[in-house]
Amino acid sequence: MVNVIILGQGFVGSIFASGLEKIKAGEIEPYGVPLRDELQIKIKDINIVGSYDVDVNKVGKSVYDVAKHYDNNVPESLKDIEVKKGVHLNSLKNLPIKAEGLEDKMSLEDAINHLIDEWKEAKAEVFINVCTTEAFKTFNSREELEKAIKENNKERLTATQFYAYAISRYAKEVGGACFINAIPTLIANDPTYVELAKESKMVIFGDDGATGATPLTADLLAHLFQRNRYVLSIAQFNIGGNTDFLALTDVDRNKSKESTKSSIVEDILGYNAPHFIKPTGYLEPLGDKKFISLHIEYISFNGARDELIVNGRINDSPALAGLLVDLSRLGKIALDRKEYGTVYEVNAFYMKNPGPKEAKNIPRIIAYEKMRMWAGLKSIWL
Amino acid sequence: MVNVIILGQGFVGSIFASGLEKIKAGEIEPYGVPLRDELQIKIKDINIVGSYDVDVNKVGKSVYDVAKHYDNNVPESLKDIEVKKGVHLNSLKNLPIKAEGLEDKMSLEDAINHLIDEWKEAKAEVFINVCTTEAFKTFNSREELEKAIKENNKERLTATQFYAYAISRYAKEVGGACFINAIPTLIANDPTYVELAKESKMVIFGDDGATGATPLTADLLAHLFQRNRYVLSIAQFNIGGNTDFLALTDVDRNKSKESTKSSIVEDILGYNAPHFIKPTGYLEPLGDKKFISLHIEYISFNGARDELIVNGRINDSPALAGLLVDLSRLGKIALDRKEYGTVYEVNAFYMKNPGPKEAKNIPRIIAYEKMRMWAGLKSIWL
Amino acid sequence: MVNVIILGQGFVGSIFASGLEKIKAGEIEPYGVPLRDELQIKIKDINIVGSYDVDVNKVGKSVYDVAKHYDNNVPESLKDIEVKKGVHLNSLKNLPIKAEGLEDKMSLEDAINHLIDEWKEAKAEVFINVCTTEAFKTFNSREELEKAIKENNKERLTATQFYAYAISRYAKEVGGACFINAIPTLIANDPTYVELAKESKMVIFGDDGATGATPLTADLLAHLFQRNRYVLSIAQFNIGGNTDFLALTDVDRNKSKESTKSSIVEDILGYNAPHFIKPTGYLEPLGDKKFISLHIEYISFNGARDELIVNGRINDSPALAGLLVDLSRLGKIALDRKEYGTVYEVNAFYMKNPGPKEAKNIPRIIAYEKMRMWAGLKSIWL
Amino acid sequence: MVNVIILGQGFVGSIFASGLEKIKAGEIEPYGVPLRDELQIKIKDINIVGSYDVDVNKVGKSVYDVAKHYDNNVPESLKDIEVKKGVHLNSLKNLPIKAEGLEDKMSLEDAINHLIDEWKEAKAEVFINVCTTEAFKTFNSREELEKAIKENNKERLTATQFYAYAISRYAKEVGGACFINAIPTLIANDPTYVELAKESKMVIFGDDGATGATPLTADLLAHLFQRNRYVLSIAQFNIGGNTDFLALTDVDRNKSKESTKSSIVEDILGYNAPHFIKPTGYLEPLGDKKFISLHIEYISFNGARDELIVNGRINDSPALAGLLVDLSRLGKIALDRKEYGTVYEVNAFYMKNPGPKEAKNIPRIIAYEKMRMWAGLKSIWL
């Protein structure tokens, strides 16, 4: 059994909940779940035991009622889970959404205790962070982080930074918890948090779920690298119509995303080929099915110049939701093994910016095999 | 040192010769050569010591004069190598090219001895087969093959089958030779030839050089497999304007190519996703820079349907020519190690249809690493 | 009012019937209908009064029951129209469909009389031919055509040729009828038929409905022509999974399609730029939503070389079905005006191979304006 | 004869000069020149009689020396034309280019007189404005404009606004001159300038040369409009590596470009379909050959959803340079006919934002025909 809490009951959180329940009910195949049902912990062992949001239109509703807006076939089993109020900390600032957070009525320190109580009651083990993309500043030390909490400094902390800290406190009390950071805010790549995790019996997976054009580009670049084709330029566009793309029209949030996306180029090729890789725009009618366009030009043997163009229509939220089905179970495995801190083998496959900080991107095709072996499964092709 | 003979002084053979000499002269970088100059046998150690063709406009000319038609900057060093007459055996049938072969004036058995003499004189070690794509029938036994030679049965044998046999005889006499079969005719995948090779101190690499859309598709399919995305359909088109595409307008030659191209689908995905993967057409102005178009539709998590489209303009001949720079050296390494027969580790990366017969395609990104290790190099990411 | 008969109750015929009824019921907008509801004859004036097929699984059923296989929301109003038995004449030969035709039990001459009786009863005015693509031979004279009928020569005639002849007889008797030939068989481009039409008070529109990549290519080529860009090559692929693509895997049927598709190049550019334009393949899971890929390379000012690539996913049958909503009404208008023979202004916009024989393709964007003016509407931009 | 002055000796100006001289010398075909050599004024009648720039590395050099950086085959005939110093007015602000202008050493009023003297000497007739894209503010009245000049207000005026005014003064003195505004600054769309032109015997063509993805999108949208396909969304990306793309990374310059590009959507479709159409990025290795990507989704008949994707590699500067060969001659024709003010028929084909202000975009395919007729040529298809 794995007891899971969703932080951010948006598109990804809702598709995760809805798809998971359908797989458990045998209604659909576990497509999009990299490890299928191969792990010892089965998909049917995953229990969603809680959900948090700050959108006033979601807080207090059931996950079923929220998920209906994203999926027109939501299992009834989600009617029993209530979306509770989280901390806001400016997550939705400038977005056309009305928000409220625990911090409106209590101090951050009190909010931590309030949440820990709820999580104990829910017997939470794994926390999935799929809140809105944030503009953030990392902390240079644990002191700095704890000071911000203590002083109730709501401008200094993002929600993700807050949740990760609160969960470390919870982990310490109950003897273990896992935080899956599927968004760009640096947590698994922030040494302060990784240290904190080690001391608190906490496992961190992160940062930023590896979906869409980025892991594909990683594998394409590996393909070119292995043929010693010299990459002249890489242009990658992304445009979509879900709230996350809307949030990314904000310059600062966008920068969070850009840096995790761009890191693959030098990591894989060994040189920083000129590139333009950014979330590019919001176009409402595209909805969750984004349009991607990728152009790569390179030099082949005898000076020949080749070009590749990749276009795609890709459902954004299911791509991440499918990974979360694995990550929830891998989080429990890591806890069982007491591998506190962060786990590169997991991050290298599932995350755009795999922690820890000094770790690099490797081709996903290889990362998959190594991750399988970490998880106790046979590799397929190694 | 590796002494190399080119069989088929066409586009690939000429770009190989021209590019190789430019790299040796330090004029260009070894882009397109997967192993760079990492092997103990250096690129500058490769000597082209002979060339064979059957086009009457090529036989008797220098490689320099022939290569000029394919590259407008051919090194003078190729002036010393003469294109000699090979056996024809219908290779150019139905194509608008006038051909003549040794078999016009002598028996096949005599042609073998004639060639062996020339090869001894040249101290040939590695033979690269880049003749025109053939329509062929495999042999079921060594007896059947030898009978065809003995009876001078010019309709039964293709040029590739003949050359491979002649080289086995040469290998036996001189104590080793390598046959690199870069074309679709089954040799490394034909147990008769692999057995023959083992007994004759011959190394075979094959079949059909892995360039263009096929290895890319292999890696894309591996990418999808690893995320458990269920592939609904794959359509792949190829169109080019070089003589090889012209040859493929012939239905039987085309079938040779189709079967090597299609094998990747089931090998990688584990199920035979519906696909249309064929060399599709000839369009003269495209020249050697083919246009490829690939469409893949698949199911992701929660039943979502995604689509990928890959388009490319890819220089066909340099892609294979760059691989031949490695294969020549790997052939010598295999000979030094006496690994007679065929070498799956090499084939799995460099060949569309990696021999031996029972062997399967694996993702190229993984095959590369294993091939490096076979070659005595460190893997990059394993 | 326009009374319409559908010949061939397949994908196009069914989407036409289903979509038309939905528009009439106000359930959907007339998207895909070029003239919207601008004509004096309104969309709601179109009555489907009959349907013919030869597939044993369709004959005897209602159009509703047949259309259900192509559309999951078919209006009940189609329950009243029965699919009657037509003539077969090898239309479905080699396809995995069991067929039967009137000619199994009667002579062709008797079949004509039988059909005329049914059509009189139905008060048919406009006939839409959307049977399976045929391999055909044109007739050189009316005598040759009538001889084939008289001698009951079932191998000489295709179904389309038969229907067009039978309708000419019907037109003569009742004082007017229109035959819309939406398939590649040459009818509007066959002077024998056009002459016959003029004498029989018959209007012919044809040949081959202009949908998909072909009219788009026509407009793209016009765009390039107008900038005096010199087109070096054009490659166009089409792949789909409906029965029509399956039928086109037959070499002879495919040729019918290829020739209508290719004619645009020289017609628009004024020179026969090298091109590869063919229906390329059948891939079942694509269904009716075909994948198209188009590559054009050209020379711009100062010798610069540019490239365009167009990809698309296009629903094949709705594209033609929408045109048929106009063509039915335009057919009636032509009858009212007694413009017997064929009408180039209509064909130039709606048909891939606009009749009469000597007529050429023009850019669709201009053809549209001229067609509007023919139909008594204001041009938009002229 | 037409005597032409180039304002802005950059990529476009240089390719225009170089390509024109090559056509005049019979070295290349006039590809990329829409009207070929059909006009009464022949291509060989165009004389470049002057050139202006403000880049310190260009001023004082010959057009030949400048053009060498953009074209590796520049005709010697360009050695005789010197690049003279223009006015700067912040054109290159924030760009990594050192600039100087006449205004550094004299008042704007003096600069006008200085230039008029030079132009008289050169017998200039047509002025082509291809300076760097500007951030600008239109003038609300002639008074406001003349006040800015008189008060030497260098922050209020852009170079284009200044040149256009100076040329109006020149036109008035010499009895006619044409200003071709190939850049986004509103001149032909600014009533103040159009009025001024009418009073000064000046012809204005503008604004912003119609090249690249925008006119193509206009024709594609017309294609969809004519089939009544309902456009759901349009995404268009452009990325290139020339100085103009670099200039467009500046937010304000970018806005100038965005507004001219976006206007086509509502003009052609009749409704403002949601769209994202912007110059998107700078990627140096792409050079002048930009990469474009266009995605359109629409509803077809019976509610079907289709998608089109267009990708291209397009040489940016030759595309505009070819148009300038026509515009120079059409400018002279307009002067000969005394059609002062602006000429919609010309603008509608050649300009992204065709003046006058109230005029709209029409499909280019139709605009071409009307423009031909204005120019005294036969239409091709009307």
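Observations on the structure shown:
Note that the chains are named A, B, C and D in the order they appear, and that numbering of residues resets to 1 at the start of each chain.
Just so we're on the same page, a residue touches a chain if its C-beta (ideal position, glycine included) is under 8 Å from a C-beta of that chain, and two chains touch if they have at least 3 such contacts.
Chain by chain, the UniProt names read as follows: A, B, C, D = Myo-inositol-1-phosphate synthase.
As the structure is a computational prediction, the values presented were derived from the model and not from experiment.
Homomeric contact chain B/chain C: same residue numbering on both sides for over half of the interface positions.
Inter-chain centre distance (chain B to chain C, centres taken as mean C-alpha positions): 46 Å. One simple way to say how far apart two chains are is to compare their mean CA positions; for chain A and chain C this gives 51 Å. Averaged C-alpha coordinates put the centre of chain C at 44 Å from the centre of chain D. For chain D, the set of residues touching two or more other chains reads 307, 309, 311, 313.
Taken pairwise by the contact criterion, the protein chains form one closed cycle in which every chain touches exactly two others. Contacts from chain D toward chain A in the complex involve residues 232-233, 235, 237, 239, 241, 274-276, 278, 280-286, 291, 293, 295, 297, 307, 309, 311, 313.
Contact residues of chain C toward chain D in the complex are 15, 18-19, 22, 28-36, 71, 215-216, 219-220, 222-223, 226-230, 289, 299-315, 318-319, 321-323, 325, 362-366, 368-369, 381-382.
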